[in-house]
Structures are given as C-alpha cells and as structure tokens.
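Labels for the chains are A, B, C and D, by order of writing; each one numbers its residues from 1.
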Amino acid sequence: MRRFTAALFLLGLGVMIAAIYQHIDFSNTAVNAGQAINAVAAEETGAANFVTSVVLAYRGIDTLLELTILFTAAMIGGMVLGRRRVDAPRDPDAGFILRTGADLLFPLLLVVGLYIILHGHLTPGGGFQGGVILAAAFFLPLLARPGITLIDQRVVSLVEGLAGATFIIIGLLAMFDGKEFLTPLLDKGELGALISAGTLPILYLAVGIKVGSELAGLLAHLAEAEALD
Amino acid sequence: MTALDYLLLISAITVVIALLAGNMRVGGWLVTILYALQGAALLMMSGLGYSTMTVVQSSLRFNVLSEQMLWRFDALSWFFALITIGAGLFCSWFASGEWGEKYRDNGGNLRLFHGALALNVFTMLVLLASGDLLTLFIGWELVSWASFLIMALAGGKAFDYAMRYISYAFAGAMALLGGLLLIYAEVGSFDFQSLKEAVPTMSSATLWTLVVLLTAGFGVKMAILPFHLWQAKAYAETPGPGAAFLGAISSRMGLFAFIVVVVQLIGISRLVEMEIPYTFLDAQDLLAWIAVFTIIIPTYIALRQHDARRLLAWHGVGQTGYMLLGIVIANDLGSAGGLMHVFNYASYQAMLFMAVVAVIHRTGTSDLNKLGGLFTRMPLSYLAMLIGIIGLAGLPPMNGFVSKWLIYRSLIVDGSPLLFIGAVIGTLGTILSVYKLIHNIFLGQLRVEHAAVREAPLSMVIPMMLLAAVVFVTGYFPGLVLDWTSAVQTSIGLPVLAHHLGGVSISGGLDMIWIVSVLLVGFGFGTLVFFLGGRSKRVHQLDNYAGGHFLTAETRYHYSDNFYPGLMHLIGPWYRNSFEWLERGLISAVDTLSTAMQGLYRNAHPSYLLLVAVVFALSWVIV
Amino acid sequence: MDILDNNTILYIAAFGLMLIGISGIVISNHLMRIIFGIALLEAGANLLLLLSTYHEGASAPIIVADNIPTMMADPVPQALVLTAIVIGVGILALALSLAIRVQRAYGTLDMREVRLKLEQEISDEAGIDMPSSSEKPDDIAKVPLNSVVQQESGS
Amino acid sequence: MSLLVLMIVLPLLTAFLLSSIDRLSTFAARVMGPLVLLATAAIGLSVWPQLGDAPLAVQWGGFQAPLGITLYADQFGLLFALAMTIGTLLLWPRSTENQLRSSSLALLLAGTGSGLALSGDLFNIYVFYELMTVVSYGLIASRGTSGSFASTLRYLVISGFGAALALAGIALVYQATGTLNLAQLAQLAPEKLNNLQGFAAFVLMLVGFGVKAELFPVNMWVPEVYATASSRVSALLAGVVSKLALLIIMRLLILVFHQPEALTVLLVLGILGVVSGELAAWRARDLNRMLAFSSIGQLGVMFIALSIPGNAGIFAALAVMVHHLFLKPSMFLLAERWGGSIKGLAGAAKTSPLGAALFVLLSLSLIGVPPLPGFWAKLLVIMPLLALDQPLYYFAAFVILAAASLEANYLFRVVMKLYEKEPAATPHNAHATLDLATAVFLGAGLVAAVFMLIPLADRLDGIAAQASDVSTYIQTVAPQPLQSGGVQ
C-alpha cells in the first residue's frame, strides 16, 4: 500500500512538473534588475564584486535579517539543548592525528577566514563564507578534544550581539546623516583597492564575525548536547 | 421624542431597574409598575390599534453600510406589543410577592430573573419596532438570546434544554440571515418597500429559496414541525412566571416576523403561484399542512406528558399551528382568527401556567401522578385553570372558541376539508389532554400530604383572576379584539373581516353575546333547578367507596396513572419519536464528520493533501 | 542531443532535487530523513532561483583590474541564494537540535510514534483521554435526548 | 529619511544587545524590551495620520527602486505593523525559565512583524517571513516541555516545506519578470505573469505563506502547537502573526496575481478550512485545541473573503481580520488557566466571574450576534458573496453560516460548563490579574467598536480602498523601468 501510494505520488508530481515545464517559457529575460545593478553598481557602491554590492548595499536589509535568523537560531538552539549536566558522559578524545591536525589548522583557518572576509568586496567570498571558515576554525579543536572550553558561550553571545549591533549602528549612522537606513557611507575609494567601497568592508567584517560566532556557538551547542545514554 | 421612543426608553429603564433593584422586596412591584408605564406609553399609540394612525416612527435611526436602520410601530407591532407588555405585566406581578421570596430563598437569583424578564420584553419591543430587514434580524437575535438567558436561569437540567434551544435558534437565525442577505443581493436594499416591489420580478427558484430559508428561520422560533423539539422542555424548565411569559408570547415573535416578511412583503398570493413540481400542491398548501401537523403531533405528545408544565408547553407548540394555519389561509376569517388566537392563547396560556406554578408553589410538584383533589384547597386556582382549559380547548363561552371558530370557518370557506379535519383532530387531542390536566391536579382524591395546602397568595391569585376576566370578556365580546385584528389586517394588506362587538357579521356569522347569554341563562337555570330541587347531599371529598368498600385516605384511589388506556392502546404505536431519531441522527452525523476531521489533522501529512490540491489545480488549469 | 542543452539539464536537476526532497518528506517517517528532505527541497529551490536568469558563458559579476567583461551574470539571484542558504543552515541546525531533544524525550524519531506520544502528552496535560478512544465529548452525548425517550415512553 | 524604519530596526538592535545589557543590569534588560516597543509604537502612531493622504515609500539604503529594497507604508500595512508591536507589548511573554531569551524573541517578533507588514519587495518578504517563522519556533519551544519541542519540530517540518516552495515560487516570478519589487511586478504582471507560470508561482507562494495563515492543507501544526505552547504565545500566533501572513497573500493578490483561478483556489481552500476547522472544533474536549481548530475555521472565512474579487473582498477580509485581531488573543488568554479539559471547567464562573462574562461576550461576537462587531464583519463577507451570483460563492456563504451554527453550539457548551452550578472535582485557579486585564482590555475594544461602528467602518473602508489602489502603489514607489543589456 505504502509503495503504491508513493508511486502514485511520484507519478502525480512528475506529471505536474512535466506540465509546468511544457507550459512555461524558460528562455531567460535579459531585462532584469540584476543587469541594471551591474550597470550602476561600480559607481554607486564602489565595490568590485557586484554580488557584495547586492548583498550589503542594495539588499543590505536582507542580510541584516539573515544575520538575525542565525542569531535567533543559535539562541533557540541554546535554549532547546540546554545546559549539559556536569556528570553527563562525553565522547572520547579523538586520536593523535586529528588533534595535531586541528592544532595546525587552527591558525591557518583563522587567517584564511579573515582574508576572505576582508576581500569580500573585491573577490568571490565575503562575510558569510569567511565566517563559516572562522567557525570551522573554532569547531575543529572541539571535535578533536571534546570537553575543552575553547570558546566561552558568554563571550560568544557578547560578540554576536555586538557584531549584529555594529551592523545596525552603521545603518543608523546614515540616518543621523539624514540619509536612509544602511546607506553606504565614507569615501568609495578606488575601484578594486582593498580600502574602498566605503562602509561595505566594515559591514562585511561585522557579518563575518557574527556568522562565525553564531555558527561556532550553534555547533558548540550541538557538540555539547548530552551524548545519548 | 415620539411615543415609540418613550416606550422603548421606559422598557430599557425597566431592564436597568430590574437588574438593580430586583433583589429587594419592593423591586418586583417597582418593575411591575414600570410595565404598567410601558402599557401607558403603548396606549399613547392606541390609534394604531383602531386604524386611526398608520405608523409611529422612532427618532432613533442609523446609517450603516449605506443603509438606513430605523424603528417604527404599525398596527401589527402594536397588537403584538400589547400582548407582550400585558404578559410581562402579569408575570412580573405574579412573581413579585411570595413567589419571588421563595425563589430567592431557594437560591435563585431574583435580580437576574426580573432582569431577564424585562430584557425579554425590551428585546421583543425592539423586534416589533423593526422598520427594515436589518433591524428585524438584529431584533430577532436579541430576542433569541434574551430568551436563552431566562431559560438557562434555573441551571441543571434547564441548561441542557437551553443549550438545545440555542443550537436550534442560532441555526435558524443563520438560515434567516442567509435569506435576508439573499434578499439584499437580489433587491439591493434592506428596505421593506423595495422588497415588496421586487417580489413580482423574482424568479420562482429565488422565491422558493427565500421562502424555505425564511420559514425555517422563523419556524424554529415558532417551533413548527420539524423544529419543534426544543420548545416544550425549555419552556417548562424556565422558572415559574418566566415559563408563563415565554409560553404566552415568546415564540409568537416567530409568527410576527413571518407575517411581516412572508405574508406582508412576499405575499400569500405569490406563494399560491409557486407550485411544487409533480404535485398539485403549492407553497401555501405546504405551509398549511406543516401547520396542521404542528397542531396534531405536539398535541398528542402533550397527551402523554405527566408533568403539568410540559403538558402545557407542548400545547404551546400545537396551538402555534392554529395561528399559522389561519394566517397562511389568509382570507378575512382565517387571518383574523390566527391573529386573534395569538391574543387569546397568550391570555389563557399565561393563566394556565400561573395556576400550575401556584400549585407547585404550594405543593412543590408538578407531577400529574402525585397531585389530585386540590379543588377544595385551592378553589381560585381551580377556577383559573377551568377557565383556561375551556379556552385552550376552544369551547364557548371563552375567547378560544371564537378564534378557533374563525379558523375552522375559514378552512371551510377556503374549501380545504382535509385541513379542517386535521385541525379538528388536534382539538380533540387538546380536549382530552386538558381534561387530564385539570382532573389530575384538582379533581378526585386529595392526597394525604396535601391536606394542609392553602390557596395561593393574593399576589398570585389576582393576576390569574384578571386574566380569567380577560379570557371571559373577550369571549363574550370578541369585537374588542377583532377591532385590533382588523387594524392589523388593514396594515398588512389582507382582506378585512367585517365584525361587530359580538362577533362576525357575515352570513352564517357568529354572535357571541347571543351565544354566551343563552349559555349563561341555561347554566343559571340548571343551577337554580339543582339548588331548588334540594335532591343533592353534600359528602366529604374523601368519602369514597369502591366495590362497596369504604376507602380510607391512605388508599390511593385517584385515577391518574395510565390515563386513557384504551386510546393509548389505539394510537400508542404511532409514537415513534421519529423526530428525536432524526435529531440524533444529525448529531451523530456531525460527530462522525468531526471525528474524521480531527483524524485528518492528527494523521494526514500536509504535503500529501497539498499535492492532491496542486495536481488537481494544475490539471484543471491545463484542461 | 539538441533537446538536452545545458539549460534543460540544469532545470531538470532543479526540479529533480525538489522532487526528491518532497518525496523524502512525504514518504519517509523518520524525522532525520524528513529534515534532509527539506534540505534537498531547499537546494532544489535555490538552484531554481539561480537558474532564473542564468546565461551560459556569462562571467562572474566582478570587475577585476578594470577589465569589464562583455557579459556578466546577474548578481541578484546569487545574493538571494546566499541569503537563502544561510537561512537554510540556521533552520537545519535548529531542526537538528529539536530532533535531539525529541529523541531524548520520546526515545524515537519515527514520525508516527512522535505524533502518538505528543498526542498522549497533550491529552494527559489537559486531563482527557486520547482522542482516538471512542468516548464522546461529555455534553454531546448529554443533549437531552435520552431523557426525551425515557419521559415519553414511560407515561 | 523616515523614522518608520526604526519600527523594524530598533527592536532588532535591542534584541541583539539584550543579553549584554542583562549582564550590566537585570532590571534594565527587563524593562528595555517593553520600552522600546512603546517607542516604536509611538513612532508608528505618529506616522499614521499622514499616511491617510498619501502612502509612503522608503528605499532601504537610499537605492532607487527596483534595485534596492522598498519599504512601502500605507495605512493597511501600518495598521498591522502597529498591531504586531502593540500586540507583542500586550502579550509580552512571561516565562520564568527563559525570560531573557523570550524577551529577545518577542522583540524580534515585533520588529519582524512590522517589517513584514511594510515590506515592498518579494524576496525581502520571504526573509522577513522566515525570520518570523524562526522566532515563532523559539517562542513555542520556550515553554520547555517535551511536547512543545515535538510540536515545534512538526511545525518546522511543515514550515520548512512551505518556505522552500515559496522560494521556488519567487524564482518563477523572477524568472518571468526579472524583478522582485512589488510595484514593478504590479506593472509587469498583466503582461508577464498572467499565464500558467504566474499561477504556479502563486500557488507555490500561497502554500508557503499559507503555513502561518493556517491555510487548509498546511495547517496541520495548528492544534498541536496551540495546545503545547504557552497561551500568550498561542495568542500572538493565532491573533496577530496569522494576520500578517494573510496580509502578504492579500498584497500579492492585489498587486501581482490577477488570475481568476487564483481566487478560486483561495475560495476552495478557504471553504475546506472552515469545514475542517469548525467540524474538528466541535468535538474537541480541551479548550486550547477547541480554540485552535476554531481559529483555523475563522482564518478560512478570511480566505473566503479574500477570494471575493474587487474592493469589497479586501474590505470584508480586513474587517474580519481586525475583528479577529481583538478577539482571538483575548480568548487564548482566558484559556491560560482554563486550558484543561472542558469537563473540568464546571463552575469556573464562580472563581473568575469576570473571565467567564468576557468569554460569553467574545463567544457572542465570534459567532456574529448583532450588534457586536463580529456580526457586521460576517455581514460584510456574506453580502458580496451572494451578490456574485455564482454557485461556488453561494456555497461558501452557506458554509460560513452553517459553521457559525456549529460554532455557537460548541462555544456555548463551554459557556454552559463555566456557569454550571456543581463545581468540578478539581478546583481551578482564578485568572492571573495581568492576563485578565489584557483580555478585558481587548474585549473592551470590541464593545467600544459597537459604539463607533460607523466611523470605524468608514476608516476600514478607506484603508481597504488605499490598499487595493494599485496605481497609487506604483506611483509612490516609482520604480525605474528596466533597461535591456546589462553591459556598459
């Protein structure tokens, strides 16, 4: 019965998608907002990476919300998983290779992460990607040595709060200037230079730190969750 | 401020005063006086009752949804308002003295009782005053909930019955709302006049929908078949005078609204044009037959009751059938009879309930198997009940005879012998069951535990006696009421009945002054013979013999259980409780559906349903 | 093969991912599989979003050393997908932490059992029997029908 | 520059900083949230009058529409933004264990809700919606019972499923039009979205955003969640959050999707919602789930109202929404202490007479007894339904009326229990003062509405007219026309 319904279901779905595909014209429109952004982004934001322009400038509020989602998810994760009992069993330590590898990788990952974040407005990458690498940097030692407290949850929550707040405060600064919220400030500089694109790199730094701390926090929560009996 | 404004204002004040002062010793009297004041305000408009005025507007009006909501009184409203306020006055009077104190001492909330009663009167007046379909519906709902309030006062079992009532009533109200909004969709206005003008152009299908919805909506309140189940129990469980009030007038509001919308605006002549396919019947016949079955079935259900209040309440359902029948026939005789029956019925039903409540007040029970022989102990209550049952049975010289005579006569004139036979069968059942009522309570052997029972207090007896006077006087001089019904007939556009003080002035007419006078003379003559003959000997009530043996008071020799065994043997198999069966079937159908839906929410995977929906939608779009 | 140009293959991939995701959600009862089904579904939707203005051969929308490419890809879907992915990650993490707790509380991740135990818990808290039992709600059965029958068949 | 964005941003900022503030001063953290919401509500109210004349469009970051994201404020959107803010303020979560986190979540909810109501960009709406979803997971789970975790997970599955579909819908829209700005979509829709692709996109988004709006096939989470979450959270979700999701669907219908089939889908799903919800509620034996099922039914009525073409439908839906906005939270607050089985409620009116009286009032309004506002709202829905003169719409009117009779039956069964003379075996608590005060406040709003019916109806009519005015929307946002060829 179950297989039959499943088959029926897939058949129906297939028919539906085929029907959509038959009736929808998938030739792409050349006229779209993205191309318009490509045309003006370099001038308006000063970032060589137009995706960054979109992420931080044109759709900056989306990014703020996205950070908030991460923040919320991390917070709820902490709330749901709760504190572990002191005497709860832990996973055993990883082997020598993993421990050494983690130690070696830690500084490397930090540097790579920061590099990617800081060059977000120039090259592929940015706060999110870099932030994930930062989180990985902090998570690896945790995998290698379950039970160490490399990162204090209180510090994490402070950092994530402050990073998010920085993002918003930079946005609010524009309002003090009489502009709209999140309007890029500062000099745009020379296109392609490291110090350019006004406040975008600062925003990306905030994003990177925030993503890093949220993810690290979340992963730490998950790892800290009491092992099953 | 017009007279109508005064009336509504006083009525509203009555509600407030009743709620504030209801618990005090003087509270009941105060409220009773306020009812009298309402009556006075009504008399300011008495021109309505005699066709010297056509309409009294209220200065209160709103504009809602680009529709004007207004309130006004015409002859029809005036006639019903007269009965309403009268019933309120007598019932409040009845409740003001000892009854109220006992009610309060037994843990009843007297303040709430008086408040609910006053609220009922007020909401009914608002309904009667409605000047368009929207205000009609608002008034309708207010009345429904007000009677719910008074029904639920007693708590316990009354809660169950009130709950059943409100389920019926609200479903009916929704049918009504549907009908009224359908009218709005067709006509574009809630105005009475616009509806009247639009009716000739409406299609037959629309009209059928309307008539079914509206009749169902109004019918629930009237408790016509098949919506009759709720009424008797709900009314019977209402605290004492409340039952009298509800029994007298409350469900008549359905009839009022029916007259306004179906008779006055849609018109009976339009109903005659609406034929039921594949039969020789039309909508009018259908309604008339519903009315006849509403007479017969509840009346014979009443016959089986052994609780006095239930018995009376079931009659209330049955008597509605007469009113509806007369009004649906819609000739001069029928409509006058139907309308007059509203008045007559209210007068004796209130009185009968009061008599029963007086008995309960003194004996503590209304179980017909546990009473008997109270005639010597409570003679005035007995008199009230006697007059009441003569009226209810429709026998001369009481007013019930006149209205029933008019209705029978209209059926004969209309050429509907089958309907006539149905109505007569109903009357037969009425006579049988009211005899059971008075016999089991007042006649026969007095029970030992009731030996010390006294007559009801004056506060209860006086309203009964006044009502008895009304029943007799309007039976003697039916022209008093026929004046008002004629005004109503004029106002709602039906043929007017030619009448005089004593009755109807048509060929083969009726003159009650003549009939009653002859009766009185005959009766007086008989009495004279009885006393002058001196052949009678007074015996004690308990001086009974059976088979030559003297029966002591301890021996139960009061024939009250298993009343009418022969008749019951004959018609017993017809009692099948089909409507209860239907009701239960409906409930369990809803229950099954409900279980299924809960199962759906518990078990079904949403994406599954969603998929069905999407596939369905797409295939429908593509095809 | 003319029919299967790159564009079509990509679209098939997108719809296929969504299809697999939905099947996972619908068919499986294990919560982990359902969660992964959602992840796949999201991946499919993300791919669809990326494809919405996809042009073959367009270069990345990045200006490198003043060398402006002739045809740049649309940056908007890329930014949107970036956002959507991060949202997806957050929700996935949340789902996993909830799953851990549910497994700890109910000892199972089978959807049917979880549903049953949840129902049991709600009912216990409210102090009523499980809805699957055939007991009727108090007052429905008590609509004064029984008394009607007794009354009228009695006299 | 408009201060309106502060309605969204300030709560977010506070939520970020709340745990840091808590470390400095617990008291400050406790009062900070409500204070901020008061401030944002004041901002919203100060903007309210000027929106009556002309709506306001704000470009986030100052970029020209359609490149940047638009915030579009008309009275319709602001009404619900305010409802969200004030609603959160009134229903401020009170959880002993997770107070700090609950406060942050409440702040986030208020900010997000306001943003959702005011957003003028399709993807931005999606992000706001997702954030709101995540926040509601947190609020539900903050009760901390295993039941609340399980129901959150079930909710998450349905929600995640819906969100992915909505994302696919957005992809289809962007593919067809190349823009996400609602104003520009409104311009382009008649030409580019009036086809099957548009319809598919609509259905996908309807399902996605319908999860929160308790749309029929994706509302299976409702009974479980409302039964396991704390009453204040249920009140927020059922009362306010569902309306915001509905608002999104309304916006999409008004601006973008004009297919007649779209309306039919809404109508059918609405009818199914009413039927399934009210029937299921009829048999519910605990108050929480009864309210949950009945809320499905009422949302169904709103969907039916939405399916009425033209201004009348918007007006009707708005009226029902505003009515429900006052009513449902108040009912859930009353259910806080009455959450157990209905049988156990016997005699509860004695311990809390005010609560019982309020419950009667709310029930009466819910089933539409004149002259309470519920009646007029119902009238506004049914009148245009009948005026359309189509069988399915007639059927919808019938369903609404029949459902009201069912509603009357099950709600008054509860009322009867409350007033029963014999008290239950287990005595029940009186209501917490704050809960009761809030509920009474909301109930008083309903009563006040009876006396201000006519100006209120005019106001709502004006709001509905403004909301359904597409050309004003386009003019206010004034998106640049898109040029072809992206290469400079």
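Annotations for the structure displayed:
Keep this in mind: a residue touches a chain if its C-beta (ideal position, glycine included) is under 8 Å from a C-beta of that chain, and two chains touch if they have at least 3 such contacts.
It should be emphasised that the depicted structure is a prediction, and the values quoted were computed from it without experimental measurement.
Nearest to the common centre of all protein CA atoms is the CA centroid of chain D. By number of C-beta pairs in contact, A-D leads when A-D and B-D are compared. Between chain A and chain D, the centres computed from C-alpha atoms are 30 Å apart. One finds 46 Å separating the Cα centroids of chain B and chain D. One inter-chain figure worth recording: chain A and chain B are separated by 75 Å, centre to centre, where each centre is the mean of the chain's CA atoms. Averaged C-alpha coordinates give centres for chain C and chain D that are 21 Å from one another.
Residue numbers of chain D whose C-beta contacts span two or more other chains: 123, 127, 130, 134, 137, 141, 149, 161, 172, 174-175, 178, 180, 196, 200, 283-284, 413, 416, 486-488. Among the residues of chain A, those in touch with two or more other chains are 9, 13, 20, 23, 26, 28-30, 32-35, 37-38, 58-59, 62, 66, 69, 72-73, 76, 80.
Multi-chain contact residues of chain B, defined as those touching 2 or more other chains: 163, 591, 598, 602, 605, 607-608, 611, 614, 618, 622.
Residue ranges of chain D in contact with chain A, taken from their complex: 1-2, 5, 9, 12-13, 15-20, 23, 58-63, 66-69, 98, 101, 104-105, 108, 112, 115, 123-124, 127-128, 130-131, 134-135, 137-138, 141-142, 149, 172, 174-181, 195-197, 200, 480, 482-488.
Taken together, the chain C residues at the contact with chain D in this complex read 18, 21-22, 25, 31, 34-35, 38, 41-42, 44-46, 48-49, 51-53, 68-72, 74, 76-77, 80, 83-84, 87, 90-91, 94-95, 98-99, 101-102, 105-106, 114-115, 117-119, 121-123, 125-128, 131, 137-140.
The part of chain B that touches chain D in the complex is made up of residues 62-65, 137-138, 141-142, 145, 152, 155-156, 159, 162-163, 166-167, 170-171, 174-175, 177-178, 181-182, 184-185, 590-591, 593-598, 600-602, 604-607, 609-610, 613-614, 617-618, 620-622.
By the touch rule above, chain C contacts chain B in their complex via residues 22, 25-26, 115, 119, 131, 136, 139-140, 142-145, 147-149, 151-155. By the touch criterion given at the top, residues 20, 23-26, 28-40, 44, 57-62, 64-66, 68-69, 71-73, 75-76, 78-80, 154, 157-158, 160-162, 164-165, 168-169, 171-172, 174-175, 178-184 of chain A touch chain D in their complex.
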